[in-house]
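Look at the two complexes coming up: chain A is in both, with chain B in one and chain C in the other.
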Partner chain A sequence: MSDQKDLLGLFKTVAERVDRRSFETVTRDSVITDLGVDSLSMMQIVGEMETELNVQIPDEDLVEIVTVGDLCSKVERRLA
Partner chain B sequence: MRTFVEVIRDNSVYSEHAHTFVRLDGTERVVPFPQLWRWACQRANRFRDLGLQKGDRVALVLPDPESFVLAFIGALTAGLVPVPMYPPMTLAKMEVYGETVRHILASSGARALVTVPGLEPLLSAQLLDAVKASGASTEGVRVILASELEGELPEKTVQPGEVSLDDLAFLQFTSGSTRQPKGVMVSHRNLSTNAHAIMFDGLRANSQDRGVSWLPLYHDMGLIGFVIAPAYAQVEVKFLPTPNFIRRPSLWLDSVHKFRATITFAPNFAFALATRAVSDEQSKDWDLSCLKAVGCGAEPIQADTLRRFIERFSSKGLRPEAVLPCYGLAEGTLAVSFADLSKPMHTELLDPASMHRGEATLSSEADAIELVSCGRTFPGFELAIRGASGAVLPDRRVGEVWVRGPSIMRGYFGQPAATAEVLDDGWLRTGDLGYLGDGQLFVCGRLKDLIIIHGKNYYPQDIERIVSAVDGLRADQCVAFARSGAEGEECVVVAEANNASSDPRDLASQVKLRVRAELGLPVTEVVLIKRNTLPKTSSGKVRRRDTKVRLEAGELELLVPRKAPVPVARTSNRTAL
Partner chain C sequence: MGSNKHEVQVSYDVSNEFFRLWLDERMNYTCATYESDNQSLEAAQLNKLAVLSNFAKVTADMRVLDIGCGWGACLEYLATARGVKEAVGVTLSSAQAAEVNARKIPGVRCVDSDFMKWETDEKFDALISICMMDHLCSPAEAREGKAVDIYRAYFKKCWELTRPGAWFGLQTILRNRIPRDRKDLEDIYFCTHVIFPGGLNPRLEDIMQAVNPYWEVITVKQNRKDYERTTAEWLRRMRLHEATIRTTWGAQVFEDYERYLSTCVTAFDKFYSSLAQYELRRLDR
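Right, the complex of A and B next:
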């Protein structure tokens, strides 16, 4: 559970850095395409999360991602 | 002069030279020049076996540089006409993508589409939708997997002589600023002449040079700049997948450092991204002194961005004169002018009031506008600045950039009317505004985007720069354009708001206040729209004219409803769009 929180927190921190605005209200249920982040920025966010955690999320995993929680789960699986 | 296919054939004697392809998963494949030619012939034969004939258009949707380059060269070798298309972005909305795919397939009359298994279901669905929506226009499109093009080389080898300089080589669809891209017809002669201009006149390259590119291969700068042109000088290239650079911006210059690249190119935004997102740790061992040309083109060039890039990486050996501003466009194959390779970036500071009159007068005041020189055009090419009547303007007068030379396109595929609008007695009307100063080209913006109010010229970029700085609005996610109002032309701003916390009325008055204070221009209406809904091209450029059309059609996602629509009495005064 604490891991889940940390990843959501990391997502918010990185998203704030890349997109220069607050992501305070984002939850694991937030749909990524509704966040108002364009795909270029989204790839930068994924990239910066990968760098921070030293994991790599393959592209085929990204295709299945709909919510922020999906992204966190994919990262968790790579961390495990 | 040789066709690109003959060059690839002739290069097969350089067995010590190779291209390096980095795949999406980060692994690398080295393809020596002899093998490149063998595989090109093999793919050419497979295309022919699949029933495709000389002149047939074949769409390529291949995200991986290796499979893209091999399929592209194979198609050219078979005399087919490739139509490079951009792959869908992961984590993006698909509706707009589908619309573009259907448009390009229908207007190119493609007979086949080459892709990978991961994208095949999505693209097949788009084809079906297109058939349902518009009848049979894309019905005959056959979907081919890139893996189907591999296999042993049959006995019959292709003769590259079957492709001549006057054959159509490929269709480059330009995103432009309108919703429906047009297919630029690029001939083998166009390619060959532009490759010579780029490699020998612009870059003074030889076979010891090495290139690194993460540029998308569905775009002219990546495709012609790094697949076609380097071949003419036997230059080896390392290709990186675009998404890998976006996810890890350090990859670009790290590859330059490790590959000892001498040539690389990027649009303005990448210079900003590399400056911001590369850490000291990532760059600690870099030696970038190998670079002789870091070309910057394909979108408006900002002097500040390039200066910060140079400052950031000069301690890593980057020489300031390596940064090379360039001008070009798909209708001119790719390159039209390069800055001087041996000199640092040259800029001019201009008086804004004079620029509003169309005169480029130097200024040393704080409000001066800075423009970057894109250098001179190449030998064998002509460049002129012309006024609305078509008359050539004197130096330092702003007008439309016209270009003539052997790389000017034949026209837009299947669109004679659109072609006639831009081609005139061998001259290409670029639609870009610029002026010449001491023979050097300075580009100011797009002619059709110019906002003329009470006889004064305003450049949308200048307005957008001011709007971008307003708190509560997203930087660079706004457009300014003119529309006809009751009292002549008036200026409208459409901007994405950051979040709902700021009062929209307050934001709108901030915009009006600031633009008037800095440019003396009254903004008639400020339209705030939801985040990430501003119309853009596949390369992320704003679409001013499309935004205008969509606003009038009521298709923008407004943050707050607009005030009562323009009264009927006023709309009747409107001139045609």
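Right, the complex of A and C next:
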């Protein structure tokens, strides 16, 4: 099972691949919209994390995601 | 609320002749119900009308209302194949209403009106509504959490327009899983904003919640692959008329509709969208 650090690291790796820029300073408290990630990139990041971890996040969970930590928590719940 | 008259005109009033080029001969602009691998679009569209009429328990002595009647394919079927006493349609598209009334089909009448604002003392014995609900709630209203209330108001109005003992054959397009792919997201955004502005496909769970306390759900059937096959056939037929469409309505119309229909095929294939048919019984007090 992935711990919190792994998921944050995975988010950074995937976000860098999708948006082609550095996300090195991102923390779990970072607000996703403040990172300049648009909604299309966000869905792509979610999709790549789902594929990487073999989990499916229900669409209704996505509207509740504000911070990177929120996304990690949604994934953690599906991994548990 | 949902699609307004101008937005509906964008979706349906390009030109009746344009749609006639690639829809079936009766101009059904909704999902067909296929019974076999080699069935034609024409036969499958007729079968869809039979399925929904059977869900609505239509018999010859009835007055039947078709909510969102399009170009009148279901009205004509009800009047001719089922021999109903009267088939009344409502559509927000003036071009569709004019087309239906110009055909002067005995026992058929079409009202040019917003269904939710339509004021009438008429009562009906049975209802049919085919893929009209996607015009009820806008994306902005859904984001504000208003979808279930809007759909419930629709089911309430349907209840008020019927007599006790009525049945309702309902068909709705559905939205399922949000794409995780950028191109697919952009294509669906295009369809929502350019081809069907103001509308939003409902979610199945919203409909199941909203139908209470007015209608009892007896049957729900999901026919996602039927809509993939229907839209693929529309796309194939439209491409056969590419030169005519580009000459008559312009390159943009052809390219927009090619992108829209291609997106539909993908959306049904990948479970972004689906299609459901419902057999509903009026809850009488």
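Going forward, the second predicted complex is superposed on the first by the 78 of 80 C-alpha atoms of A that agree within 3 Å, B and C clash if a C-alpha of one lies under 4 Å from a C-alpha of the other, contacts with A are read in each partner's own complex, and residues count from 1 in each chain.
The rule is simple: a contact is a pair of C-beta atoms (placed from the backbone, for glycine too) under 8 Å apart; a residue touches a chain by one contact, two chains touch by 3 or more.
The structure presented is a predicted model; accordingly, all values stated were derived computationally and were not measured.
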item	value
First (chain B), second (chain C), both or neither touched by A:Gly36	first
First (chain B), second (chain C), both or neither touched by A:Arg21	first
Touched partner set for A:Gln44, first chain B, second chain C, both or neither	both
Dominant contact partner of chain A by residue count, chain C or chain B	B
Chain B/chain C common contact set on chain A	40, 43-44, 46-48, 50, 59, 62
Chain B contact footprint on chain A (complex, rising order)	20-22, 32-33, 36-40, 42-44, 46-48, 50-51, 56, 58-60, 62-63, 65
Of chain A, residues touching chain C in the complex	40-41, 43-44, 46-48, 50, 59, 62
For the chain C and chain A complex, residues of the former touching the latter	177-182, 185-186
List of chain B residues in touch with chain A within their complex	24-26, 89-93, 118, 243, 246-249, 273, 277, 474-475, 498-499, 530-532, 536, 540
